[in-house]
Amino acid sequence: MSTIDLNKSSIRELNEKLQNSSPGDKFTVNNTVGKHALSVGLTKNINVEINGHVGYYCAGMNQEALIKINGNAGPGLAENMMSGEVRVTGNASQYAAATAHGGLLVIEGDASSRCGISMKGVNIVVGGNIGHMSAFMAQSGCLVVCGDAGDALGDSVYEAKIYVRGKVKSLGTDCIEKEMRDEHKQELTELLKQSNMGYKVEDFRRYGSARKLYNFDIDQVDEY
Amino acid sequence: MCGIVGLFIKNPKLESQLGALVAPMLSEMTERGPDSAGMAVYRDPNESGCKVTVLAQEADFNWTKFESAVSSNFSVIRFFVNQNHAVLSLGTSLNEVEEWLRENWGELSVTSAGSNIEIFKGKGNPSDFIEQFDIKNMTGTHALGHTRMATESAITTEHSHPFSTGQDLCLVHNGSLSNHNRLRETLKRAGVQFKTDNDSEVAAGYLSWRLSQGDDLDEALNHAIDDLDGFYTFAIGTKDGFAVMRDPIGCKPAIMAETDDWAAMSSEYRAIATLPGAENARIWEPEPTQIYSWKRS
Amino acid sequence: MSKDNPTLIESATFPRHVIAEIQRAAKTGIYDIRGFGAKRDIPTFDDLVFLGASTSRYPLEGYREKCTTEVVLGNRFAKNPIHLKTPVTIAGMSFGSLSAQAKESLGRGATLAGTSTTTGDGGMTPEERGHSKTLIYQYLPSRYGMNPDDLRRADAIEIVLGQGAKPGGGGMLLGQKISPRVAEMRNLPEGIDQRSACRHPDWTGPDDLEIKIQELREITNWEKPIYVKVGATRVFYDVTLAVKAGADVVVVDGMQGGTAATQDVFIEHVGIPTLPAVRMAVEALQEMDMHRKVQLIVSGGIRSGADVAKALALGADAVSIGTAALIALGDQSPEFDDEYKEIGSAAGFWDDYQAGNDPAGITTQDPELAKRLDPILGGRRLANYINVLTLELQTLARACGKSHVHNLEPEDMVALTMEAAAMAGVPLAGTSWIPGKNGM
């Protein structure tokens, strides 16, 4: 187990150490004070425990690594993540898991606006609420919200699946409530288990694309 | 583009440390805004007259001569020079003082007017600004600061924020407006005066115009949502406190924090992290179009 | 006047093609989407001419008196700057808008000529990485196919804010080109019309861009140059802000820049010509004392070595070609004229890149059409063309007495029209007048 103190080491030194480690290595990072680009571009199955609030793009483009943040995260948490797992005990700012392709992001607190924007396969589970324009242009993957969702949920969504337990303030363009079938219940059960959220599947509703914007059509002109 | 910070002291025991607390916040925002910096500090209220901060563009401005002119015309409660600014705390009404300045000292620009507010602005690196203006030793009840990365207008002291919108009022802005040119012309016709081509100055002018039309601050900000187009996080300083509001799209960052001792806002958490007790503060992000404010009772 | 009936006069406001467009709009109810760049007549580099050697300036002989064309891009912060043999590079064009064979041809040709290619809105293909020795990887609002492995395989990263054809607009690809392979790379259902994201998903503004650049450098060990590309609009401010945000290279694309698909009104009515864009970009760099420290690449209607020379003379470090590269590969070829006519166009006029039925096999995903382009032959044609551009550039530079093409300066040129003089900031030929400069 290695400990890195950001009062003594630079962000570059931190990332270099983490990026050049071996599978199974464990690290603790202290004194983060809102610094940016921490623990980014990791490629191996290592464990990183970050103590404190972090700035923008923590865990950016993560592959394989297991990263836990004991605190809040700034904008772009786990953006473009490919695989691995990122967990935040506090809240996450805007654009959490933006354009991410895989892996699992768990936000125990609230997520801000544009959570899962343009997501391309990641699974996101939020214990609290999410902000407006979440899952904007979301292409694939799952967004699970145990609290409430803000305005314009799933605006312009493609094939991503959205499960919400609380209230949805408003739905975005082409996003509609959909039937919860067995395969969805199974998927949701699995995600709730993986993320350690003890909620009942029956309490969630499913949202997704009405697929009316898939081809430019003069009858859809009002949607623009 | 820029960094903004705001600090409101709730615990009177910390008023003597206002500057020491807000200076590191501003310093953290240097990368977001390396071109210039500015700070509005609220302190030493003058309820019997007015307080005005003036700025001299010329390096060799004769402050001694100016000071004697001021004392021969007005009763001076306090006069102090800070770099190329001077703060005049006088026993006369604001109108009289402003008219006298306009007529006799046209080379000076007024950065702020009211009873508690003082506004300092400087070109160049924010760390230099903090040093030169001795921000760390300032005391007071609340302060708003700004570090600037100029987008479409020039880098001059006059273009720096905070912009004063009326008595004891000021604005700092992170973002970029898209309809400020036509709005500036409309406001000019309504009698508002502008010194720069800066979009933030238009926002400030708009708010003070609305206030002059009888809006209170909340109403003015709600009108701003309809009339201002673009992306913005605003922090507004008032005599008794400060307010924060974000535009409907809400893309520019904003973070707020509060403890029993203080309430703060910034563009990035790193600035708030410098405050004592930040690790245990209540931290949240303002919702778009909602107004958050703190006031001394 | 019509030659069949000499009494007919065509309206300049409503000529036949405008009438045809109104009729099409009335029929379909949807805006016209097409490829190619701005077609209307606007001031170009043609309106500038060089002042060759004379009594006071001496030219260089060919061959032994070398005129070097090597250029280094991105040495501000990156550990591994880009070294090119020629200042002519290949602009970003996506796999999706172009066939895999076309991307391979571009890679092969650029490598033969000693220059770089650039990926586009679909991500990096193995063909392009495999055949292009120097590959710039675009980082776009859509983030289709973006992944850290490709980021690390790239030689440089180009953060795209916009392109000349549609500054403020995002990528567009219609259903007929979302083939199985394209769909998989972009993570979209097959056959749908792709909707565009026009802003980056996780940052807005140069203050946030600075942090994003920091992140990309951290992920790639500070090795690769970071380019920032903008469509030419408020060029002076954009270049200034890109430099402040930490860019190693700035790319400015004028309104003549091409696209594979966007609304015709966007192409023709948004953005400024390349001619003033170059000048404004250089002014911004000079004002920050960053000229040659942050390199400038310009694009948008570069056609000949004369255009390259003029762009460099105005202060650019390099240029990019897009439309011209496709023409070199075989786009608009007269050998397909009959086929172009069958699909309602003609060789030399073809701009329906979005339709995906390109007879030359370049802007298509149809496997039968795409097979027509032999990447080895295509690569050779492109290399030939780039070599000609480079030789022409050297010829003109030598004639102006320069031993390196970067020594070309604005003072080596004059303008043939007032507009060009004002836009480029060079005097009108025969006068010392630069309209708009110093209050004149």
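Letters A, B and C mark the chains in the order given here, with residues in each chain numbered from 1 onward.
Just so we're on the same page, contacts are C-beta pairs under 8 Å (C-beta built on N, C-alpha and C of every residue); 3 or more make two chains touch, one makes a residue touch a chain.
Since we're looking at a predicted model, the values are computed, not measured.
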Touch-based graph of the chains, sorted into line, ring, star, complete or other: complete
A-C or A-B - the one linked by more C-beta pairs in contact: A-C
Between chain B and chain C, centroid-to-centroid distance (C-alpha), Å: 44
Euclidean distance of C-alpha centroids - chain A vs chain C, Å: 36
Residue numbers of chain C (touch at least two other chains): 208
Where chain B touches two or more other chains, by residue: 251, 253
Residues of chain A engaged with two or more neighbouring chains: 36, 55-56, 75, 94
List of chain B residues in touch with chain A within their complex: 250-251, 253, 255, 268-274, 279, 283-285, 287-288
For the chain A and chain C complex, residues of the former touching the latter: 11-12, 15-16, 19, 36-37, 40-41, 43, 55-57, 60-61, 63, 75-76, 79-80, 82, 94-95, 98-99, 101, 114, 117-118, 120-121, 136-137, 139-140, 156, 158-159, 213-216, 218, 221
In the complex, chain B residues that touch chain C: 1-3, 31-35, 149-152, 174-176, 231, 251-253, 267
Partner chain B, residues of chain C touching it in the complex: 199, 204-208, 210, 234, 237, 240-241, 244
Chain B contact footprint on chain A (complex, rising order): 33-36, 52-53, 55-56, 72, 74-75, 90-91, 93-94, 112-113, 131-132
